[in-house]
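My questions all concern the structure below.
Read from first to last, the chains carry the letters A, B, C and D; within each, the first residue is number 1.
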Amino acid sequence: MMENGFNRRDFLKVLGWGGTAVALSGCGNTSVEDGRETVNSYVEAADYVIPGIGVYFNSTCAQCDAGCSIMGKVREGRVLKLEGNPDSAINRGKTCGLGQAGVQHHYNPDRVREPLQRKGEIGVTITWEKAYELIAEKLKDVSGEEIAFLSGGVSGHLKVLLDNYLASFGCRNHFVYEALAPAVVRAANKKSYGVEMPRYNINKAKVVLSFGADFLGAWVSPVHFSQQYAQFRKGVDGERGVLIQIEPKMTLTGANADRWIPVRPGTEGVLALGIINALGTAGGDIAALVKDYDKVRVSKETGVPPGHIDKIAALLKLRSPSLVLAGSAAEGYAHGSQNAAAINLLNHVLGNVGKTVEAAAEVPFPQMAPARGNTAALKALNDGLAAGKYKVLFNYAANPIFTAPGGMKFKDNWAKADFKVVFAHYMDETALQADLVLPLDSALEDWGTHVPEYMADGAQINIQQPLMERLHANTRGMGDILLALIKQRRPEDYKSYEDYYGYLRAAMLQNKAALGGGGMDDDTFWSETLSKGIVKLAGAATTAVHSKAGATDLTLPAATQDAQYPLQLIPAVNVSLRDGRHANLPWLQESPDPLTTIVWDSWVEIHPKKALEMDITEGDIIEVTSRTGSVKAQAYLFPGIHPDAISIPLGQGHEALGRYAKGYGVNPFQILDAVFDKETGELAMHETRVKISKTGQRVIVVKDESAAGAKQIRKKIAGRMSTDNVDLSKEV
Amino acid sequence: MFRFLRLSVLFAVLFVSAGSHAADASQPLSTADDLGPQVDQPIEFPHDRHAGDAAQGGMQINCMYCHTYARRSMTAGIPPTQKCIGCHQSIESVRETPRIKKLFEYWEAKKPIPWKKVHDLPDFVRFHHERHIQRFYFQQGKPVQEVCGYCHGNVKTMTVARRTKSLSMGWCVSCHEKQHPVDAASTKTAQGPNDCWQCHK
Amino acid sequence: MEKDIRENIAWAQINKDVLRSLEAPRPLYWVILLVALAMVGVGVGCEIYQYQTGIGVANMNNPHVWGLYIATFIFWIGMSHSGTLLSAILHLMHADWRKPIYRFAEAMTTFSLMTAGLFVMIHLGRLWQFYYSLPYPNERGLWPNFQSPLLWDAMAIFTYLSSSIIFLYVGMIPDLAICRDNMHPGWRKKLYSLLALGWEGTDRQWRNFRVTYLTVACFLIPLAVSVHSIVASDFAMSQQPGWHVTSFPPYFVAGALYSGCAAIISLFIILRYVFKFEEYMTLSILKKTSRLTFAIAMVWTYLNAVEFASVWYSHDEAAKDVLIQKATGTYAPFWWMMIFCGSVVPLMLAFKRFQANIPVLFAVSLLLNLGMWLERWMIVAPTFSHGYYPWAWDHDQWPSLVQWGIVFGSFGWFALLFMVFCKVFPSVSMYEVKEMVYHRSLALKNGETAEEGVH
Amino acid sequence: MSVNNLLENWAQFRHFHPVDDKPHDPYKWAMSIDLDACSGCNACSVACYAENNIPVVGKEKYAHGQAMHWIRIEHYWDEDIGVPGGREFPEQGAQFLPMMCQQCEAAPCETVCPVGATNHTADGLNSQIYNRCIGSRYCSANCPYKVRYFNWYDYPTTDNVWPETMTRQLNPDVTVRSKGVMEKCTFCVQRLNAAMSTARSEGRKVHDGEVQTACQQACPTNAISFGNLVDPESRVAKQWARQQVELTKDKQTKDAEPGGSRLRGYRILEELRPYPSVMYLERVRESAV
């Protein structure tokens, strides 16, 4: 950690060494050499910069929306490694694999390095001035209504700037799109708790009953939840927490559960009501609601043996407080909100609301609050494009052409816009379809402020700052670009800021007092802020959570059968590849999927029983056909999946995005039907039904686990014992 | 009867004795000076002027004044140009000499001076400057030029530094095997570390 | 029964016949030579490719880090034992029927050792740093690790190689002199005169010669045994299931003698034909050799059984698994083939009518060698793919063409060296054959005189 | 070193598990991994790639089993899942196990290396000297855990392993291994050396928590703890003591206890007597559901 503050000017002088010190060292040069290698000394060096000693700078991880704070080890002008920032309440000094791979995002050889303009099929390098002129010209004679801006989740000053920019020509079409956002759950939460994203205290719960919420893997804020999970395992007052995971396909969280219960896809809500019924503690309209969800019926519909339902109910009664989570597996249906509502109802019945479900703190600057992404936005945009409403289309931090469900025909509609600008790090599927591609700085080169979507503890604003100077001279920060663009519209208001950094600094200093810098002079406050990397705020929760249950009018359809498409397709969220934006980071491609240990490829998970019926063995290439389309992938026999379902991980199957992503695996987004949640209009990810058939081809599955599979033959390798004879409370 | 064996026996004896002698001889060999090639630097830096004895018209500047990183870091590094300028902007006498001119050119251009590495160990070796200076200068209180001299030779008599020791592994080890006093005061001695990971990375 | 050799061959005839082998072999000789050359070519090509690209091209992997190279290495080491057996051991036991055939057996020893030595190198990931493993005073001030069986290996092999070369050479001196005396002037004559060390055949020379030969022979026998015991300890000293077996050293030695004898039979048959040695390499000698082979085959089979039993009844579950894996797993076909070739095929040699049946013997001897090669492979490979740690159990260990190519090439290399040797040096020991003939005729005479004495 | 030196200091070139005349002092680096906390998320593995310049071999070489992950996350099902006649579902989840070099005190790999490229350091690490290695691969052959990884190809010069810009991420404190050498987990020795040197300059010992391995620092559930076993105050030492696992024993109290122990600590393949420096804590599963 660097002690004394530093400013941009000093920082940029961290040069030299870089150029030469990176020459591949190795076993090659085995002798003493004189006068071969050049060493560039610094011209001037800040006194905390010592060759051979790494300096840590704080910043914010941009790999996902969790907003973990990181510190980058910078040595001889190069950022070498990212670690978690211990001061952050979100990740407390920890990182996940994605975070670690942040450096590869920065050093990736396939980054876009120059602004590109489409000339027929090829992109021609142009200057930034030219690019800005082009945009100005295209925007000249279109109304604000004919402009659409598609982006991933944005927050902080970038959002403010973006809003101002769109406002400057009266455009209200800002579509915030995240392919894998828990949007349905948010809506349901809004209804039943009064807040979109409450704070879940896994560490305070004695039982966690999770309906497909993969909070250790890819759900909302995994690193934070993982830490809570660790405490939860050690136990509240000596009583070790019990994790029960209910889902049709085993997630990483499911793999860590004390009891993993496969449920027929889509019947999570029914099971939740069944449990309420079994508890028998609910009164009033809730009791009325659940009265005919008796064990027999529930277990018939969900396929969960009555014994389990009793056990769960008993345990929940016995150990309180508990916590019930509704995750992506539960929400991904046409009746997703119903499922989620039913599951949230459990929390009310168990009286967890207020104990393990609390209102999260909020940042007192609403304009900076995160614009949370969802899939309804994409639908809206898609319809708009289909109707030819939009002439100019901007795209930032999203790859819709890759992630839009095949059923939407998004690629065709995209083409309907006349002029498409994509702000891109890589030439991904969307950038390839753009008329103008503007290369962005990597997250480790750029300035910014972020407000985490999930507030772990107190409210906080995360600072993002460059960890090294630009790798490629002609990339720009998104902030700088927006500033340049907005200057086109409102020069006078923004002329005082020569770059985004200036804007940021000014903006922060304006609210110095509110940001806890009262009494400090500007420079101290600023350098303090930068060296901390986090601004912690007194901002408390403005709205308390509802103590009583909300609407209890739930209609939960029984699982339907479909003779033509007998299987449910579960598009699994891979811990490291997520929605595919990280598929071009070799470390993540090569880090095996935790459950199957498959690398560099896609696969179709199928239950051994089902496989036996269909005479499928591991490595068979099978064709998965939905109403929308079909993909071919290798089969992997996996006991952790419901026999009525198959699963294909998301994230692979890129046709672009560079050497490490292109041509590996298949993209299940392509075969997703465009089915939507009735209430929120969110895409129902799990609603696609498929049939599978053998193609006759066969491959050897590339995986880390051996021919012996994941069996411990005879020897005890990984030990396991039951809670009866262990006492964790005494442990160190 | 076995007379025919005499010759071979003789050879065998000779070989063994020669072998073991050669082995013993490897010790002195390693401390012998072994002059590296002359290296041309962008600026022919006169170490003798800066560090040399007053008698030879040197300034007797402490090595660590310029090579300040050596006592704080594994890598000695090269002093930033700033350092040179710090003094030289106020030394008018030599301001116009070609070398100083060149120096100021780099400075004004804000370009780092592309020095050539003279003592360049193989890439898999880690020589820890800080440790050695701590040990011999700060703890044992040996004169700094002697301490640096162990490996860098008598730099104060050179203009551009030139390697004078073999820096081969055997050479390093020959010193690590000796018993060195722990500090100036006590008579306690200790060996240099001899496990591989101390120097190999 | 027919004789090992006719007593009434004139000594001049012997010289003539043997020296002829240096001049005019049958055409088949050249065929063999060319084929051998081609094979070497393949091997060298593969090695160059492997050297440049990295040993990964042999398609070994983690944890399956050893492959055919090590197996074939052991195979060649094994080959080398027969020479010592025939010349040294039988020499001490005064079994004089060995006399016509020990020369080429020794040559075999030397050249198979040379081949084995190659594999030690080929196997290395960094061949160019090979010298790190030699104990010599160096500027790094480092020594190799004297605890490593691999190092013992290197030393043992080197010693064995050098001493067997000496043995071969010393044994040849009188014959070299004969060659020298009968050669027309030319490079060969020069060569022989140089190597013959001015042999005159005086009593003193003969006396010293005998003593030397005897001494080296005595020195060689323990060496031969130790070499393969040490190779065995490469495995026995390690911790891995299937290797960590006490009975390995004798087992390996037996295997070595076995493959050696088998090889002798094949080469016997080839030389006999190629160099028209029917007079000297007689069927009755062949018969003796095949009987010897049969005996050793049974010893080997027994030791095999001992090894299995000791594993089977031990408490080492892992080792037991490996054994089961060998018999049922990926390697089962090879393993059973080894059992068949090693223990079943030799039973043919029990039948008199096969013992001197050249075609049959040739086929059998080749099968035995195949079996012995498989044995070595079955010792090395299965332990890797089924060791202690189930996670690491391997699913992809089939040797690549490069690996096969180099193994293939090594046979060419051996054949090449051997064939060239037989063409340049007398592959049948003239002076010993003369002795043999002399003794036989003497015995015969005594017999006759005795009969006369009766009446 | 001369012959005499070789003979005199033979003992120094070989530190086995500590004997009375050679106790570990002042450091003995050891680890303990809580399998109950480990969620199998792979963060440690990626962090290791980042810290130690581990090459990404790509799909084809991975298929050949030539991957280089120094720390691999293994997962195990109970044996009877999915197979006919067995349980249908893994109802108690999977078991995850991070496996890296166990830094054995009596390491099977050390004795067999022909050139002594792998040795034991005074602070109980199992060192691997890349440049000394000639690639006989005997160490890997003799490693019970199979955690040694061989450079089958020359990765620094292989396409797309470290293309132009990616070279800048390479850690200067760690050698980039060329073809034909063996490599393995080092307990992040570069970090240890840095910490120990700082401590020495300040005339103290490295205190607990001052140095972290890359995997430990990343681990989101704090499943990995690492430290100095000699220092009784260190977290690792406490854990080992609490679990009654002793470095130089091959049968721990746990194994002796009849009818299932209450202790979770164990070391893998201990009965082979390599005296590993990594203790694992058994995973716990709730019996009430």
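In this section, contacts are C-beta pairs under 8 Å (C-beta built on N, C-alpha and C of every residue); 3 or more make two chains touch, one makes a residue touch a chain.
Here the structure is a predicted model, which means the values were calculated and not measured.
Colleague: What chain is most central when centres are computed from CA atoms?
Modeller: D
Colleague: Return the chain whose centre of C-alpha atoms lies at maximal distance from the corresponding centre of subunit A.
Modeller: Between subunit A and the rest, the longest centre separation is with C.
Colleague: Taking each chain's centre as the mean of its CA atoms, how far is subunit C from subunit D in angstrom?
Modeller: The computed centroid separation for subunit C versus subunit D comes out at 43 Å.
Colleague: Between subunit B and subunit C, what is the separation of their C-alpha centroids in Å?
Modeller: From the centre of subunit B to the centre of subunit C is 55 Å.
Colleague: For subunit A and subunit D, let me know how many angstrom lie between their CA-based centres, rounded off.
Modeller: 31
Colleague: Just curious, how far off is subunit D from subunit B if you go by their C-alpha centres, in Å?
Modeller: Those two chain centres are 36 Å apart.
Colleague: Using the touch rule from the top of the page, what residues of subunit B touch 2 or more other chains?
Modeller: Within subunit B, the residues that touch at least two other chains are 23, 26, 74, 122-124, 166, 168, 170, 173.
Colleague: Note the residues in subunit C that touch 2 or more other chains, in rising order.
Modeller: Those would be 137, 141-142, 388-389, 391-392, 394-396.
Colleague: What are the residues of subunit D that contact at least two other chains?
Modeller: 1-3, 63, 67, 72, 74, 130-132, 175-176, 181, 269
Colleague: Which residues of subunit C touch subunit D in the complex?
Modeller: Listed in rising order, the residues are 53-56, 59-66, 123-126, 129-130, 132-133, 137, 141-145, 147-151, 154, 234, 237-240, 384, 387-389, 391-392, 394-397.
Colleague: If you look only at subunit D, which of its residues touch subunit A in the complex?
Modeller: 35-37, 39-43, 45-47, 49-51, 56-59, 62-63, 67, 69, 72-77, 79, 81-84, 88-97, 130-131, 156, 160, 162-172, 175-178, 181, 214, 217-223, 235, 238-239, 242, 260-262, 264, 266, 268-269, 280, 282-289
Colleague: Within their complex, state which residues of subunit D touch subunit C.
Modeller: Listed in rising order, the residues are 1-3, 6, 14, 61, 63-67, 72, 74, 99, 108, 111-116, 132-138, 140-146, 148-154, 179-182, 269, 272.
Colleague: Along subunit C, where are the residues that touch subunit A in the complex?
Modeller: Result: residues 317-318, 321, 385, 388-396 of subunit C touch subunit A.
Colleague: What part of subunit A is in contact with subunit C in the complex they form?
Modeller: Residues 700, 705-708, 711-715, 717 of subunit A touch subunit C in their complex.
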